[in-house]
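Sharing a structure below in structure tokens format, with a few things to ask.
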């Protein structure tokens, strides 16, 4: 069967990437695209790279317009999904690319976000170790899915294997991320202007204030650490897309190099979209642009007493839209990799 | 008086930056520029931005040609300075921008570098806390100066105040650096091609193998930590110049926020070229391009139990050539800031 | 049926892009990848973004290894294809991404290239106006195809409609192109280093010396201009991929705005991969990255007396590998757009 | 004496660059900085690279606050300078970096700009050929100076020598410019976001609509062409600063190569800040970043019948702020190069 789909937030970066991937998906028909300030305009005016969708006109984002589809994607700013959720009760599958349905803890929500708390939905990172299994199992047949925060899933995938295998100290995690500005959306802010970003590395949310921190903590708790502590610093760098997360943690006492490496090998053995590179190899973001692949390199630094995990992800694909569609494929019983590429576009 | 100067390695990036700064220095005359493969060619062919030096021709780097100047700058690949040192015995001031004379430990040299060990020279980071004083004092009247490694001095300046004040645990330092490719020099390597760097973040020397690690350890030992441990990961990002180092360390037990911040404030109070930004502010590399300024922002993350220090430096100026000339000014008794700008070129 | 394929030059940028596209092509099996200096190494070591081809090992480029496939792609430096051509006599389809078989004029070859002249093959730009038809017709059933030069096909597609309709003066064409460095290949040249390209616009081959000029002239002659004259200047800019060609020509006397625009509309009406944008719209290279699409915008400047045509192309896709595979599809009777995307990867 | 200076528009890019240059000028004291929306805030909050001016607070831009200085710089959006001009009657020297006082023709003003026409001031491009002399002579003792448009002065300097020497056909000029986004100012527009600019070349104002066209025409008329015609296309590329203008024109009948080259050699012989490169050499924008230098390369293409002139300029220095201060130096009788560097900051 062909599923009818509506995508809200269609003029933004996340919405655009959902559309780019869906446009090549043989099992869906993109019937409706919606947004607010751009409603009434051709989609291609705001997504000029989506030539195959040149026939679509952006409609207003309203519950009525979104209703009546088999699948609805919400790619809205944080705090806006909730208002549509209730009226989408009859929609078989809703996938939220925003943060509204990610956190299980209302306390954490209140601390890092504003506005009302919403019930958590099934988290859309299939490969994430959860207890002795994987998050994939929870996604089978899911009807409400929360796509991950891009930085959060990158760091969670980097550290969860070590946590679940008990080979690292989850109280001493440090992550520093080089990130492209598309993760911040199409917002008109001075600090996102090209003149500000070109030729410069720009830290933000320094000191434990970034909203993806509770999401990482939640994932690591699910992986088996009761109280993980993470120092998390994102740095905007001059590349449109991509996250390169360098995460490290103290090696747990008595753990051998072989056991360390085995934790990650076991976690991702057989995974198409989360791949551990051979020893001594580390990924670049260039290797995953446009792809749904997270590439991971691992080094053991006995001088520092830490394991260092470098992960490369396309924030708009594996970090957001690809995760959403991979989760959709699983939920619907389709081949998990449908419309998702393992290969990046490089150079 | 006017000092006569020779600069070796004149066709490379470090040599070029030394020349750019010296060209505006009223107390020196650039008499000789030397290199190897480019000898015989006009300097401006290899440094087309140095229009005021269009009259200079590159000569062969030999002891004879370098001898007879008041000041000699060596901007050569690691391991090459030593061969000239002996024959420059009569030169009043020699400044090495390479690594040959930086390390005091032959063991560390042998572990991270190759070739013969050379005696350590006075280290060219004036603001670095050393015991209860500053490295500046050692530079007064110095005749042999080792300019720092760019990443090393950036991290050392970031962490030394916390070490010397005893407010951090120096065994748990983690530094991740976004760095521009000019730090790697004008080497013809595939990984340094524009097509490889553009749009990509590229980690290298992951897992404790980078040569600047012993140099940082040495500086932190001088600052008062007997056995510092540092996890150090550089990431090449698409900006020609600049280092943004995000360094963090566990807060020592019982240290208050005020005491933490005071450690850095006291260390750099009154310094023109190493400035601690007000609380809540963090630097971008754009703010220091072309300047001899290191800008530092500090955050205290009690959730993670760590102090986070973000430092921005132009690798070619404060990281190399500016440090060399600032040290030269001190050694010669000239005003320390002569020919050095506090202001960056932005955007 | 499934066609067996060999790709030479597999460790370069053009070869890599051919492989990226073929990896998603349902009718081919990539059986053999070859190169010279990288032979014996895993393909993924040199093309780390091609995860789905991680099983392939690079073999030596020899006539023997290339022989015995249904299709052979040659992605070699100019002048190297010829030596394999003879021994590939039994290969049903050979596609050369190099220049060796593009030019019909031995005089032009001798003037712009070196080495022996080779016979011209069918030119792989299906949409190009040729006389009263299109180049597509010549590609049906072709067995030897010369993929175009990326800059050449971009400019030829920009100007040929005006030439064939007789609405411009082909003696006054001026083209200036912003191009990414991947078009220059993975060559180790100082001017292609990231430090040289980042933050800079770099002209090259100024004054009529670029090798794509005779290829453009040849295409415009085929479109109906006996003696076209073109001023052609490429400028390297800091983007890995992409060509933005701004071409203009004097408007022929007495031609109306409507007739001008109609020339391009008629030429590309119904074409999937060469699209004329609506009046007042102009393309960005971001819109076509990863896509096989050439987007064209047209403006009429009566003050200057010129029509201005701006074309955006991904040099590695529509400019090279996509053109090769689109031509292959046509030659084999497959759907022309198989494995080729109309949509770009943006931002 | 020390001149007291006020700079309006101090939080923008042009204002920031004027301040960067003035901060190193020994003959001026920056007494007042003004702006609108940022009034009341520290200057360094909006210009974090100007560390030496950290003591300044932005004041409101009003006639009263600007009055009473020896020199006032206006770096305001087009159409806003006029309101301050009248009340600055007592100010000895006013320099407008905006367009309000550039054009001599009210007709051209009305066609390309909006709002009331203002009287033309002395044009701030000293090296520009005017009749048989240079614009420099008009600047001596000037009290009201209009700094040039950055694209306009770059193209005017490129073509004026050929016009004044009568060696080109001024009716067939074509200029295509690769420009950095800082020329568009710190405006919050989607098309200026980093995500839109990174990795992309973006044409704008295609087809003869750019406001710098009448300014170029005016300069070429002053150089001796009664009715110059120019096709002008700017292309935004991913570099914060810089203009690379590729301009060409038909060679006038019977003009020899030697005469062609001599036109530019004679025009700029002895000029420090506009330099013609030796034959076969062409400039990159990297060579002039931070410098007040315009570098020009010239090629003669007899096949195309055109002379091609490539000019590199830092839009914020020689294109705006440097031109303003160079003009100020001339007007005040100071050394013309005071506080202006001939050397760029590269790489």
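As written, the chain order gives the labels A, B, C and D, with residue 1 at the start of each chain.
We adopt the following convention: a residue touches a chain if its C-beta (ideal position, glycine included) is under 8 Å from a C-beta of that chain, and two chains touch if they have at least 3 such contacts.
The chain list, named the UniProt way, goes like this: A, B, C, D = N-acetyl-gamma-glutamyl-phosphate reductase.
All values derive from a computational prediction rather than experimental measurement.
Participant: Please state whether A-B or A-C has more C-beta contact pairs across its interface.
Facilitator: Comparing A-B with A-C, the pair joined by more C-beta contacts is A-B.
Participant: Look at both sides of the subunit B and subunit C contact and report whether the same residue positions are involved, with over half shared, or different ones.
Facilitator: same
Participant: Which chain has its C-alpha centroid farthest away from the centroid of subunit A?
Facilitator: For subunit A, the chain whose C-alpha mean is farthest off is D.
Participant: Centroid from C-alpha atoms only, then distance subunit B to subunit C, rounded to Å. What do you get?
Facilitator: Roughly 45 Å separates the two chain centres.
Participant: What whole-Å value do you get for the distance between subunit A and subunit C if each is reduced to the mean of its CA atoms?
Facilitator: Centre separation, subunit A to subunit C: 35 Å.
Participant: What positions in subunit D touch 2 or more of the other chains?
Facilitator: 13, 182, 195-196, 198-199, 238-241, 283-284, 286, 289, 346-347
Participant: Under the touch definition given earlier, write down the residues of subunit D that touch subunit C in their complex.
Facilitator: Interface residues on the subunit D side: 171-172, 174, 176, 178, 195-196, 198-204, 206-208, 213, 229-233, 235, 237-242, 244, 246, 248, 250, 282-286, 289, 297, 299-306, 308, 310, 312, 346-347.
Participant: Show me the residue ranges of subunit B that touch subunit D in the complex, using the header's touch definition.
Facilitator: Residues 13, 16, 20, 23-24, 47-53, 182, 198-199, 240-241, 275, 283-284, 286-291, 293, 295, 341-347 of subunit B touch subunit D in their complex.
Participant: Per the contact definition, I'd like the list of subunit C residues that touch subunit B in the complex.
Facilitator: 13, 180-182, 186, 188-190, 192-199, 238-240
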